[in-house]
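The following blocks contain the structures, represented as structure tokens.
There are two complexes below, and they share subunit A, which is joined by subunit B in the first and by subunit C in the second.
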Partner chain A sequence: MSLEVSRQATRFFISRVRSQVGELLLQDYPGGHPGPKLWLGVLNGLLDTSESYVNQSEQHGLPDQQVSQILLDASKLARTSYDLIEQMAGTAATDLHYSVVGPLQRWFEQSGLKNTTLFRAQLVANYEIAPVDRTFFDRIRSPASSLEDALNAVKWPLQRITVPSAAFGVLPHYAIVAHEIGHALFGEVTWDFSQYQTEEDIFWGSVSAALDGAVPSTDLVLFIQEVHNSWIAEIASDAFGYLMAGPAFFFALCGFLEAVGSGVGISESHPPNDLRRDLIFDRLQATNGVGAFTEVFERKTGQSLSRNINSTLIGVLPSTDLLIANLANYLPSGPSISSKEKAVTLASLVPLMKAISPQVYNQAEEFIRKIKPELIYSQDRFLLDLDMHLEPLLYAIPPVETRNSSQQTEPADFATILNVGWVALLAKLDQLRVRSGRKGDQQIEKGEALHSLLLKAVELSEAKRAWEGVP
Partner chain B sequence: MSALSGVDIRRRLQEASLDQRLVISPILEIDEQIRPDQASVDLRLGFEFAFVSPSFFGVVDELSPKLSDPAAFSGLYKRQYVPFGKSLSIHPHQFLLATTLEYLRLPPNLMAYVVGRSTWGRLGLIVATAIGIHPLFAGPLTLELRNLGETPLEIHPGQAVAQLFFHTVSNDGGGQAPQQSQYVGAANLLPRSLSSKTPPCQ
Partner chain C sequence: MPEISSSPAASVGLRHVLEDGVAILDGRSLGASRAEFVIRDLASLLEQASKGGQFTKARRLFAPAADASAFEAFGLVFRYLRDAYGDDLNAKLENASLALRRLSSSENLSPPERQAARDFLGQMLESLNRDVSYLRQAEPTLAHIQ
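Here is the complex of A and B:
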């Protein structure tokens, strides 16, 4: 009798979760993007499998112990399906602007990635990409055919891309998604730093010297390798972000880091903000074709583009000794690695990363050039975009369409909209010809108006793209 | 004040001076939307809709302190984004707000009237009630859709539902944007306030 109660309770729970999944399946997701529905398909497959277990438990003659185990497994699967609904939080059109998912997905696909994606917005001031692996699902015993079909429909690992929602969901900051895509691309490149052996030796020498000549322990070496790899991944992702979005990525990253009060920003997972800013800014100053990005900016705005144009509050790194002292006070000691050892590692990696980064940027560029050279946002394009759209934007004309060399109109590219928007925001906002507020700060009101013009540009350029069947 | 022909409208769209340029963007099919032998531009239905849900809002009273908040009307409407390929039904006597797909920006010497297309009118669909658009307006147009007919109508984003007639304005006001004008540069289809000056309350 008690097992029958358990069976009914499990069925009831499955039914409730299924009903929740069913409601989510009825929704339209931003950009008509298939990711959310593919994920919900997997959850439905889990529920079908769970239900098949419950049916199996009804087979005549099974010992109670086996029935208990089957029902327990069924409950666990239903519970898993329920838990995994959490991934859907923030995927609805009420959380994420409908039109922005299309261009973000295009960036993803154009960079050669084939994974299924799930875009979502959360009340967290952070951009993130996180792979969701199939391995867990493959361990499920006797999966329902619907689960197998749903798993096969997803291109694994599914890449979940999270952006901030609501107040921090600022369109120009979405250039940072190019950095997140860079994380997915990181594993696709065979990085070669063999030419930097001298710099590596200097690094190990400075670690040893800072530890009073001690040979780093095995645990410390592993820690160093982990931090080294994380920092390279961040710098490489910045490189991909810069390549795909140009100056807009620089402005977005610096503006976002400042807006969230990131300060110096050095950690085991991230190189210092100041270093990242410098590395990208060096690229912005590199001359190519029509001139450096900084020169184009100055030519079109009459204002100089300084490295801290929108990030004055980002902390500049102190001297190495002071940095080690500061970090040692702040980083917790681990079971086998002291605060000082961690501090020495982080501080000594800064010059090494400075030395290696040109190679990181060059290899990232080589990679994108092989995949899709048009994806690179060039200095020429920056000049063309500002020529065509900056002045009209100040007259409240959103950058929806671009004229090509044969004077035909084409939908404006996402990177175009972001770059023109950032230049208007940083250098020309006071000239934006929109209604001034009846109360309050006029610049803030103009900032909001600019934001809505840029969102409208994305929506209408996507509409033109869809209407004309432009891929 | 004279109306612009289709040829004039096309010429205004190409005007070199940004101050004087008429902007309608995007025009997805120019030969269909601006015919040289006509004197209007066809406008398409956009993607944003707002359905009135009055039950929890109460009465709309211009003098109510509740309406002094510019966001007050957001409680009266439920917004919905409908992409290309989807549609919605507007039932007999139903009222809803919609936007045009096109973004419009008028120069200082042009004003416009937006009116429904006759085919839709004969089916009972009223497309706009506040039809006058002042010089220097910038934004998508908000359409007030009401089905006065007896049968439900299925409407699809991208359908041509309205047309815009342009008239020149003799005095351009010196080219200054009207500071009190409610919708200049706005991209929000919901109303913000009923009038710019509120009469004193007792």
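Here is the complex of A and C:
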């Protein structure tokens, strides 16, 4: 009797989750991007599988223990479908501006990635990409045919891309999405750091010395590898972000880190903020064609582009000893790794990262040049974009279309809009000709007006793209 | 934010594949396509874990990035089998990985090879079941900035 109660309870929850999934299937999703409905198909397939387990548990003659296990699996699958509905939060047209998804999706596809994407906005001051792997679903025994069909319809790993919603959903910051795309590209590159063996040996030597000569345990080595891999992925993704969005990525990353009060920013998942900033700034200063990005900026605005132009508040790393002491106070000890071991790991990785990062940037650029050179936002293009759009933008004319090398007009792309927008924001905002409608800080009002103009630029360039059938 | 890798479905799927792997090594029959998937999946998981184990033992950082999954796979195996095998873990893992690789290439295994692979998967299954039974509800965690 009690197993029958469990069976009915499981059916009840399956039915409730199915209704919830059904309601979400009826919603509209911004930019008509197919990710949300494909994902809901997977959840429905999981529910069908769960239901088939419940049916299987009714098979005559099964021992109670087996029936319990089958019902437990059924309830776990239903619970998983419910949990995974959370991935859908913020994907609706009411959460994410409809015109923004198109360019973000195009950026993703232009970089050669074919994965199904799920764009969403959340009330979290965070940009993030999270891959969802098919293996977790494939391992489930006796999947319903609807689950197999839904899995086959998705291009895996599905990439869930999250941007901040509402107040922190500022269009110029969306250049950070190029960094998230970089995370997806990271696994496509065969990275080679074999020339840095000496630096690696020095790293292990400093870890050992800071731990009084102790040989790191397997737990610590796994921790070190995990942090190291995360940091390399972050630096490589910054490199891709810089390559795809140019100065706009630098401004967006620094501006966002400062806006969220990120401080020194060193953590198990991320290298320190000022190291990341320095690495990108070094690239902005590199001369190419019409000059460095910094020179173009200065030429067009009359202002210098300094390293901390919009990130004065970002914390700078202290000395290694002080850093270890500070981190040891802040990082919690784990069951098998102490705070001090964690602190030593992070502090010792900083010089190693400084040594290998130029190589990360070089290899990221080689990769992009090989697969899609036109994806690179160059110094020439920066100059062209500012020549064409900066002055009109100050007269409240959004950068909707641009001229290509054959003097034909084409819809302005996302990187153009972001770069022109950032230069106006940082160097020309006081010259923006918008009517002051209310009392208060004019700069804030102009910032809002500029944001609206940039959103309008994205919206109209997307409309033009659709109208003219430009891919 | 529930992550798929720590979701109940992940533990259900991993348990199913380990149970089916043990069944195959015990000589019980599964559907052909399921058997093929299970052997291929476990061979790949253990091969990656074995590679990750070698890098970890050698204290190497500059593994090719494609092998980040090797560290993850070794982390999974280490989590479930560190207590059972201690310092022998890498050797046992290597043997089980080799056996499954050979099985996936339709080679015959000697009875001791088969038994060693079966014991390895069985031990992992036992540890997974124990882990799942006492698994606490995951704490919500802040997603990474950028």
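Please note the rule applied: the second predicted complex is superposed on the first by the 397 of 471 C-alpha atoms of A that agree within 3 Å, B and C clash if a C-alpha of one lies under 4 Å from a C-alpha of the other, contacts with A are read in each partner's own complex, and residues count from 1 in each chain.
We take it that a contact is a pair of C-beta atoms (placed from the backbone, for glycine too) under 8 Å apart; a residue touches a chain by one contact, two chains touch by 3 or more.
Bear in mind that the values here come from a model prediction, so they are computed numbers and not experimental data.
Because the two structures share subunit A, they can be overlaid on it, and in that overlay subunit B and subunit C fit beside each other without clashing. With both structures placed on the common chain, the touch criterion links A:K155 to neither subunit B nor subunit C. Of the two partner chains placed by the overlay, only subunit C lies in contact with A:D138; subunit B stays clear of it.
When both complexes are overlaid on chain A, the residue A:P392 reaches subunit B alone and has no touch with subunit C. Between the Cα centres of subunit B and subunit C, as seen from that of subunit A, there is an angle of 150°, stated in steps of 10. By the touch criterion stated above, A:D28 is placed in contact with subunit B alone, subunit C being left untouched. With both structures placed on the common chain, the touch criterion links A:R106 to neither subunit B nor subunit C. Within the superposed three-chain model, A:L455 lies in touch with subunit B and out of touch with subunit C [touch as defined at top]. Contact with neither subunit B nor subunit C is seen for A:K37 once the two complexes are overlaid on the shared chain. Of the two partner chains, subunit C is the only one that A:E200 touches; subunit B does not reach it. The larger set of touched subunit A residues comes from C, when the choice is between subunit B and subunit C.
Once both complexes are placed on a shared chain A, the shortest Cα to Cα gap between subunit B and subunit C comes to 29 Å.
Residues common to the contacts of subunit A with subunit B and with subunit C across the two structures: none. Of all residues in subunit A, only 28, 32, 93, 98, 391-392, 395-398, 400-401, 409, 411, 432-436, 438, 449, 452-453, 455-456, 459-461, 463-464, 466-468 touch subunit B in the complex they form.
In the complex of the two chains, the subunit B residues touching subunit A come out as 18-19, 21, 23, 25-26, 28, 47, 81, 83-86, 101, 103, 105, 138, 140, 158, 177, 179-188. If you check the complex, the residues on subunit A that touch subunit C are 46, 73, 76-77, 79-80, 83-84, 86, 124-128, 130, 132-133, 135-141, 162, 176, 179-180, 186-187, 189-194, 196-197, 200, 203-204, 216, 218, 221-222, 224-226, 228-229, 232-234, 237, 253, 256-257, 260, 262, 265, 269-270, 352. Contact residues of subunit C toward subunit A in the complex are 1-5, 7-14, 16-17, 19-20, 34, 37, 41, 55-57, 59-62, 64-66, 68, 71, 74-75, 78, 82, 142-146.
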